[in-house]
Amino acid sequence: MSTIVKGLYYAESHEWVKVEGEFGFVGITDYAQHALGNVVYVDLPEVDDDVTQGDEFGAVESVKAASDLISPVSGTVVEVNEKLNDKPQLINEDAFGNWIMKVKLSDPRELKALMDSEAYEAICE
Amino acid sequence: MKQYDKLIFELSKKGRMGYSLPENKLPEYSFKAIPVALQRSLETGLPEVSEPEVVRHYTNISNRNFGLDTGFYPLGSCTMKYNPKINEEIAALPAFTSLHPLQPAETAQGALEVYYNLSQSLAEIAGLAAFTLNPFAGAHGELAGLMIMKQYHMKRGDLKRTKVIVPNSAHGTNPASAMVCGMDVVEVQSTPEGTIDVEALKPLLDETIAGIMMTNPNTLGIFETEILEIAGLVHAAGGLLYYDGANLNPLLGQCRPGDMGFDIMHINLHKTFSTPHGGGGPGSGPVGVAQRLVEYLPNPQIKKEGDRYFFVNGKDAIGSVSGFAGNFGVMMRAYTYILSLGKENLRQVGELATLSANYIKESLKEYYELPIKGICKHEFVFDGLADKSTGVTTLDIAKRLLDHGYHAPTIYFPMLFHQSIMIEPTETESLETMDEFIEVMKKIAIEAIEDPQTVKTAPHTTPVRRLDETTAARKPILRYVDLLNDTPES
Amino acid sequence: MHNYFPQTDADIATMLQRVGIGSMDELFAEIPESVRLRKDYDLPSSLSETEIREFFAALGDKNKPLTCFAGAGAYDHYAPAVIAQILLRSEFYTSYTPYQPEIGQGTLQYIFEFQSMISGMTGMECTNASMYDGATATAEAMFMAVAQAKKKNKVLISATVHPNVRAVVDTYALFKGIEVSEIAEKNGVTDKADMEAQLAVGDVAGVIVSTPNFYGILEDYSGYSEAVHGSKALLIMHADPSALAVVKSPAEWGADIACGDGQPLGMPLNFGGPYVGYLSATKDLVRKLPGRIVGATHDVDGKRAFVLTLQAREQHIRREKANSNICSNQSLMALYVTIYMALMGPEGLKKVNELSYSGAHYLLDELVATGAFTPAFDQPFLKEFAVRTTLDVKKLQSKLIKKGMLGGIALGSYKKGMEDCLLFCVTEKRSKAQIDQLITIIKEEML
């Protein structure tokens, strides 16, 4: 049974965004980490990369699967979670507590295209 | 036998040596003419071991390996047929192994004749005009073949044809080869019976399509009966048909890809033509083409004039895909195989391989879920156990087979099913071997219900048991020095 | 039935009955009749083993054995007797890729040893389980550089890299849509100023050089890695792994990727293959390395074991998103060079190079002494060197072949302006007597 956190924005491709001011923290959901199994590697974007809503920004790998990360927001990457380089298993341990990238949002209106926790819960069933 | 798990580095002791070299008769020459700045100062880390230790080490680790000569390899899509011993003897003849790849053609006529005759034999078997033997493996052949496809369109000035259609059941190399060739992949869906959905194909066939890649029989072991219609449609749309020869074995003696309308194909000599897999290679992936594509074959191209054989570089060739002219030693083996079987026996290969696959399928279909019924070709796919209630998976069954002295089948491929078990016996397994395998497969199916834990924790009798693949991927240790420095995580 | 087919008529009847059909033909009933093959192939009839032996003995007689003074990418080095015999252990050569690690530890372990040894020779931190050959390994190295650079799509390659390697790089680049630009050569070595000028544009993802280079020259790559890294590109070094026992390694030159062919590690010439490519890189690039990689781990009982790892990068999972389409390696050939390196050790390989060096330098001196040859370049070399000659290159080669010698490779077909040049190579297998004989024949030709 996977958990879902209220107050975040969700994408159909199972990424979440937590908005703080002009920044968005992006990670993958607990549902997604369950589906992947043991995460062995997170292909992080680079700081200063431009990301676009709906486009790939990295990948998450398990032993025998790889899943592209799709950015739920547009903007510029200002920080990446370097801890995931050494401990990719943090994604399995706490998917919502371990964001992957911090983005300076270029167009906060895009958030409207995302789901709230209730809508996301519905598609996970 | 005692357990042996040493690495060669762990036998090393300073001062030991395993080589035999002559004295330097020209001692006045030394490295001194090489500036120190160009000399190496880094240690190589190579071991220092004596000859008897090296022999025993590699003999001992060979005992931790399963090979075709050890037992049955029902590995789907891999055509693990017997590797004849005469092939090895012939491939080792010094009259061939001592040839330098750049020595003049007139001093290598025997070798060039082998290359030429093998390429001609493959062309006859494939129903195509000519073959290059330069590609090193199946995937390498796919790449060379797609380059030929792209070159054909480019030379005609038809530059918008950049897409290749690939069925969703295809080998993973198909879309990857298209990507490496700078082409875009368009997936075509399969019908519930596992064949290409012709209606789904039609709307994809526009003027941006370079061609389609197909395996026939496909990865489910099903013959694409609509092939003539598909060929007609693709050709009418201006595209070419590529045949992935991974599954050629059942068609030997039965039908030829060229006759079905395929324009380009590769053959895996290490599958259909009995050359050993060597633990992952060397293989060989010759590429054959229809007459109108011959000039695009990669360099060097083999030619014959009168009784003389030689290599040339063609002006319209795609270029070179290999440093020299391919894995010649593998060609020697395949040619020996074709001559050993001859036309009479080659035509039996497809029949016997197909009959064997159907025999195993029919014998086990009560115990394992058979999603696609009817006659298969050289291989077939089960979708896990018939009774999945105990949670025993395809992986568990595969691992339990190892305890019984069999290699596992191909598992979790094709991805059309969740619990794929793909079985291919080939024509070189006896009825007794197949019967024993069938009994073991039944026993495991019953054990999965009566004692699922034993199956889920298999294997139990192999040199090592299930491995921690997660840690291996999270913290890659890829060389001996990293192993020495590895400290267990707290 | 043929001796490779175990089925008797009774066995076939039993199988047909189980399948519920009356004849073999019914197995293929769904194949359209218009494409059924209703005749034998137009091929010879089956040959017995005795006939096979006679057939190939006769073919072998059409080849001419030659004493090899040629290199140019394929080197006639000594092979210890042990290797061929171990390679005939069918537990190794009849096995498949070790996808079932519990019964494939033999293969996995020697690949781990191969990776360790090649990493040691190149000085790099990681090496994959091997590539098809040195040329394709170099093309894959180019892909790695372009993938790493993300938005840059151009590589530079020195004119001193082997033309056959260059040809494969060009082919791969052309179809993938990568731009390849040549760095000019000057007196047999890479023109550093030309490289720097091209790097200055800022659009280069990788730079490919070689050691020793095509002419056998040991180039001085001082300052290269700084220049290349300064424009955020990767330095790719093609290297002869045998030579690396004594010459400065790619790691010491600051390379990011090392690649090349393992053939000089005692492998038979075999008319061009099978050989074994290798590809090594710094740790940062490990996820960009194509092909198979073996890693160390342990089993559920804590026993040390080896396994194919980092598989999520590969084509069978990534399909069209993979960086490469390679799905095999030259495993058995990797075993070959692993056993070779184990037997030779650091001292044996040094000795191989010392003997080759001595023979090659002696041959050059003797050639020059004839008065008909001059060194094509004044540069340091190891076992291979180019000379200009006043003799007719074609006639000289024919003469040597008549006397059972494969003299130097004519450079005219590779390089403009070098129609009067030959590329000679001497390995530790060539005795002083053989070299003297070569010189004697050349002197005869001069009369």
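Going by the order they are written in, the chains are A, B and C; count residues from 1 in each one.
Keep in mind that, in the parts below, contacts are C-beta pairs under 8 Å (C-beta built on N, C-alpha and C of every residue); 3 or more make two chains touch, one makes a residue touch a chain.
Given the structure is predicted, the values throughout are model-derived calculations rather than measurements.
Just to note, of A-C and B-C, the chains joined by more C-beta pairs in contact are B-C. Ranking every chain by how far its Cα centroid lies from the centroid of chain C, the top place goes to A. Inter-chain spacing, taken between the CA centroids of chain A and chain B, is 38 Å.
One finds 43 Å separating the Cα centroids of chain A and chain C. Per-chain Cα centroids separate chain B from chain C by 19 Å. Of all residues in chain B, those touching 2 or more other chains are 469, 473, listed in ascending order. Each of the following residues of chain A touches two or more other chains: 40-41, 61, 63-64.
The set of chain C residues touching two or more other chains comprises 310-312, 317-318, 321. Note for the complex: chain C touches chain A at residues 287, 310-313, 317-318, 321. Only residues 412, 469-470, 473-474 of chain B touch chain A when the two sit together in their complex.
Only residues 38, 40-41, 61, 63-64, 88-89 of chain A touch chain B when the two sit together in their complex. Across the interface of their complex, chain C is touched by residues 40-41, 43, 61-66, 68 of chain A.
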